[in-house]
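Quick one: structure below, then a few questions.
Chain lettering (A, B and C) follows the sequence in which the chains are written, and residue indices restart at 1 in each chain.
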Amino acid sequence: MVKLNPNRFFDPEPGTRNIAAELYESVKKLPIISPHGHVDPKLFSENKPFSNPTELFIIPDHYVFRMLYSQGIALKSLGVPTIDGSAVEKDPRKIWQIFADNFYLFAGTPSGVWLSHELYEVFNVSCELNSENGQKIYDELQEKLNSPEYLPRNLFDSFNIEVISTTDAAEDTLDAHKSIRNSEWNGNVIPSFRPDSVTDLSRSDWKINIQKLESVSGLSITNYSSFLNVLRQRRAFFIENGAVATDHGVLSPYTHLLSDTEAESIFNRAFLGKQNQNDADAFTAHMLMKMAEMSIDDGLVMQIHPGVLRNHNKVIFNKFGSDKGGDIPIQTEYTKNMQEFLNRYGNNPELKVILFTLDENTYSRELAPLAGHYPALKLGPAWWFNDSIEGMTRFREYITETAGFYNTVGFNDDTRAFPSIPARHDVARRVDANFLAGKVARHIIDKKEAEKIIKVLTYDLVKEAYNLV
Amino acid sequence: MVKLNPNRFFDPEPGTRNIAAELYESVKKLPIISPHGHVDPKLFSENKPFSNPTELFIIPDHYVFRMLYSQGIALKSLGVPTIDGSAVEKDPRKIWQIFADNFYLFAGTPSGVWLSHELYEVFNVSCELNSENGQKIYDELQEKLNSPEYLPRNLFDSFNIEVISTTDAAEDTLDAHKSIRNSEWNGNVIPSFRPDSVTDLSRSDWKINIQKLESVSGLSITNYSSFLNVLRQRRAFFIENGAVATDHGVLSPYTHLLSDTEAESIFNRAFLGKQNQNDADAFTAHMLMKMAEMSIDDGLVMQIHPGVLRNHNKVIFNKFGSDKGGDIPIQTEYTKNMQEFLNRYGNNPELKVILFTLDENTYSRELAPLAGHYPALKLGPAWWFNDSIEGMTRFREYITETAGFYNTVGFNDDTRAFPSIPARHDVARRVDANFLAGKVARHIIDKKEAEKIIKVLTYDLVKEAYNLV
Amino acid sequence: MVKLNPNRFFDPEPGTRNIAAELYESVKKLPIISPHGHVDPKLFSENKPFSNPTELFIIPDHYVFRMLYSQGIALKSLGVPTIDGSAVEKDPRKIWQIFADNFYLFAGTPSGVWLSHELYEVFNVSCELNSENGQKIYDELQEKLNSPEYLPRNLFDSFNIEVISTTDAAEDTLDAHKSIRNSEWNGNVIPSFRPDSVTDLSRSDWKINIQKLESVSGLSITNYSSFLNVLRQRRAFFIENGAVATDHGVLSPYTHLLSDTEAESIFNRAFLGKQNQNDADAFTAHMLMKMAEMSIDDGLVMQIHPGVLRNHNKVIFNKFGSDKGGDIPIQTEYTKNMQEFLNRYGNNPELKVILFTLDENTYSRELAPLAGHYPALKLGPAWWFNDSIEGMTRFREYITETAGFYNTVGFNDDTRAFPSIPARHDVARRVDANFLAGKVARHIIDKKEAEKIIKVLTYDLVKEAYNLV
């Protein structure tokens, strides 16, 4: 068996390492709260065994195949399905072997860290993943996947997940969630309301999504005002089904309230298929404002994820679709873009807005000063590319001195890869423990205080921020 | 008594820590030079006892109440005075208790560090500040504030301040400064010339400030040229009263010399209340150029503080006014914006321009390369949100390799909070000692050299940069 | 003799330091591959002794005199030649003494580190450089420069250089390279194709460069299409003479393919001297696309160096010309600017594009995500101002977690200062060893893996990236 070092990721200086280990030990076994992520709820409603290691670890994980692709390995050879259904590699063993041959590429990356945790701690494979051991490990994993212990619900329980939130389109039926709730299983799987598909007028499928929204709500959408009404109804429906939050993926965090007349006429243009990019940008900026208004009414926590240019690589997008590793961050500006929003809603301590970024340059310059002032604003954890040992450490280093610990909201795993959840939470707990240990060792925070804060960061803040208490 | 650890903020690795401690020890007791800050000179001209702990520590300190406000505590409940005079909490003990209850929010922040230094080192309170000890500590502090030892002038002397500069509007009478100079007390309190109130045409009180400027100078301002003359006269007046520097707070460091005709007509439009934002921006860019010209003539060191969007939160601004924690940094560009300025004045080794930033992203990209080339340009220390242990460390890490140590100017405390001055200088000395120790321990700088540099950073550079030698 | 510490630049924590030392030891003596730099090939074709220490260390090194200039030392007094031939200091001993007097300014800078390595390791001078020892060291250096051991070719061999690339204008005759190839000496000195002088239409000498290009190619350039043909011919000529790469210095990495008609008419306007800045920008964006096309055809690796505003200081430029320390980085955007380029060529694993930056803010936000996805894209090492201990460390910290090690290309010294080459490669090896040691000590990478990676970073990646295998 491969054993991961129990003191991994801690500062090698013995004094600091010991403090980190002690702080980590105190929260290691706390339940996992996963308030934002992309696990498919059908995993738990159906509770079917994972078919094979390749389907579990490689094909759905764009972190994995983006790295392989960057080194010249074709997505087809990794079994990533094409949009037009043209042939891709079907043999999971062959794909697994490519992965094993190239596992060294992940040295020093969070994927490498998570995959190691999954292989060696969750699945307890017997030897290191490399070219030579590839097929042997495949066999070991396959055997485990066939056993009841590794069924999704059993993993959920053994991972000690207290609650997990999925992310669901406004037009989703939430059937999987209902089915989980109606089952004898007690796992707490809640939805989260993501209306981008119907608020982003630049999407080619916008009209189709609006029709889906009509269909799922049983209400007709003929204009801006009926559109807002349906959104209100859907939010209520999500809340009934356990939702505590909304989520908004936008290119820019620009916010601006349009007059009803302006909003109405943009919506009408879109309805006729005559919207332009300016319309779409203005409407997105406006809908962030409206969503805050609705959140003040219905209590849903608002999450905003700006700053990524989706599908940068059109060649890959046209052949394989979205979420294939070709999303690239852009520079993001918050101070000016969110001023109108924050002036109107940010002074309301009843509202909770959780803001994320992929632009680390804004941590100390914009986000910490904003969150260290506006009562409604909290900062989400280091996101996506920055959800890594160094990335999370930098988040704490750049944020804490101005915003403190209490304007942050604990950890989000934000993952599609269900078995990576314990790995990701474990890394976050280790990084926070180590960050605090560094402060204790330098006598910036005393030990007693740090013992309190590590629990706050691991468990208390996330429950409070997402109204899960 | 609460004892702060003598090795606080130093690297926990014993070799490095010992070097840091030794370097720090060698400068710990050097006099404080405070060339830029916002302490009210009346403190020293009147030399009245501070009324109570709340008036001293909380009400004037926007670092303190911005954090409390961000956690949903109303400014009214903290006694922050309203513009319209509407009621706010008046009981200092009640306010102090809120502060004590929430002191844990400052863990890991510079305010936490400074306040601890003030409480435990300057005021020697007997126990840790928390909910339970709040009133006891209030009593202890009140007793000390009533004693002669804690009168402003006595604190000034016990802080070992060699010279302190205040920041004063161009239209200020400097009466407090004169009164200090005419007193029997020898404390060296000098003014600094800040003309923003009369150079920023976008201010709603611009015309009023011009009238004040006329009144205080005894000269009338009828056009651009008489405006410049009055500024020259005021600068001379400030110099007579001990000033060594000017200070310029601008949103953007854009610089551009207008023709006299252009400048004249913008000024005239402003005089008639018909200026627009473009006029104001152009005039600010132009006045930075004119101020450099005047500095070449009269020898005042020029300080430029760009990049903060003042009063971002209009709700707070309208109710409580400026400097209430709602100032937020923005992205700042120096290379292009200051090219005209640096081409015209930057090659003049007689001129000294000290540049600050809140945008750390410019440290290695723009500021260090500029300061590592232009003889007139020096870099001010890590400013405002970045005047923190990690922030000052990053300043040295990002600046030193390109600009060296000698294109920086020592430390500025930039504070309104008088009792925080020894705390802030102590932190700066510790951070510099620790930064140098890291270089020594890695054999990048030798010990002997570091012993010289720590004194240069603490004492020599600031005196030289501000012509205080 | 001055001895540099053998563990210099390593983490002082003993465990980490020992791992770093071991990793470094394993690559310390590997041959130097220098695939990008600015050493004059005549050094090796002529193989004349360096005239004196001042000519070798100071006059050609803008890193050195930019720092001295920033402290008010006139370039004239350092012997930097003027454009108009007006008098400058001619006494090399006097200039050397100024350098010795001010050597303390380089404490903590890469120049300080390199110069120390050169003085104490390459030239084995007997005492530390300072005011007192200035003339003595000058004598020692002069004596060595007069000895055969310090002739350029002998230094090349003793530096253990396997191959070095120079950077050469498209219109260069490569006579020096031919002469080296035709000599009995076996040193591998290859050219690199840099067409900026003929692709940047905003240059005042563009037309002259086009004429040189005609003359050297023996072909006439009458329009856009003959221009492209000549470029193809020159690339072939460079390849015949050993070139493996092209290099492109652009202000912005904006890329866009013009139609042939558009390109043709811009070229024609330029030919008539009627181009404007928009023309030049569009043509640069277009030529980056065409160069990628040609690289796909002829196999030259493409290097792109964007983001520096050359000759920011016009006063210095007009008096002393280019490369005098007055080049300042600007903010640079890659995600949007390079989207067209990467969509068209980035999915081609046959093409190699090596991208550099001076804007560290793009490391984690843009460059690592792009290189961690597009197969054609690799990241060049920390460049210019960032080619320093902290700068290279930050490069690894910000890049590795998203792009891994294998989307980088080893080290480039990029220097004009030939004797600094072993110093620069030594620093890079030490920094990489120390970075890896930190990962090993924190159990992120295992020791065995790190032993492999240090060799990959030092030797394997650079050979592979530049097709030198």
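Criterion: contacts are C-beta pairs under 8 Å (C-beta built on N, C-alpha and C of every residue); 3 or more make two chains touch, one makes a residue touch a chain.
The model shown is predicted, which means the values in this text are computed figures rather than measured ones.
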| item | value |
| --- | --- |
| Copy pair chain A, chain C: interface residue numbering same or different (half cut) | different |
| Cα superposition angle of chain A on its copy chain B, in degrees to the nearest 5 | 120 |
| Where chain A and chain C are represented by their mean Cα positions, the distance between them in whole Å | 40 |
| Chain B: positions in contact with at least two other chains | 11, 13, 361 |
| Contact set on chain B toward chain C in their complex | 11, 13, 15-16, 333, 335-336, 339, 342-343, 346-347, 349, 361, 364-366, 368-375, 377, 397-398, 400-407, 438-439, 441-445, 449, 452-453 |
| Partner chain B, residues of chain C touching it in the complex | 4-5, 7-13, 66-67, 69-72, 104-110, 113, 309, 312-316, 325-331, 358-361, 385-386, 388-391 |
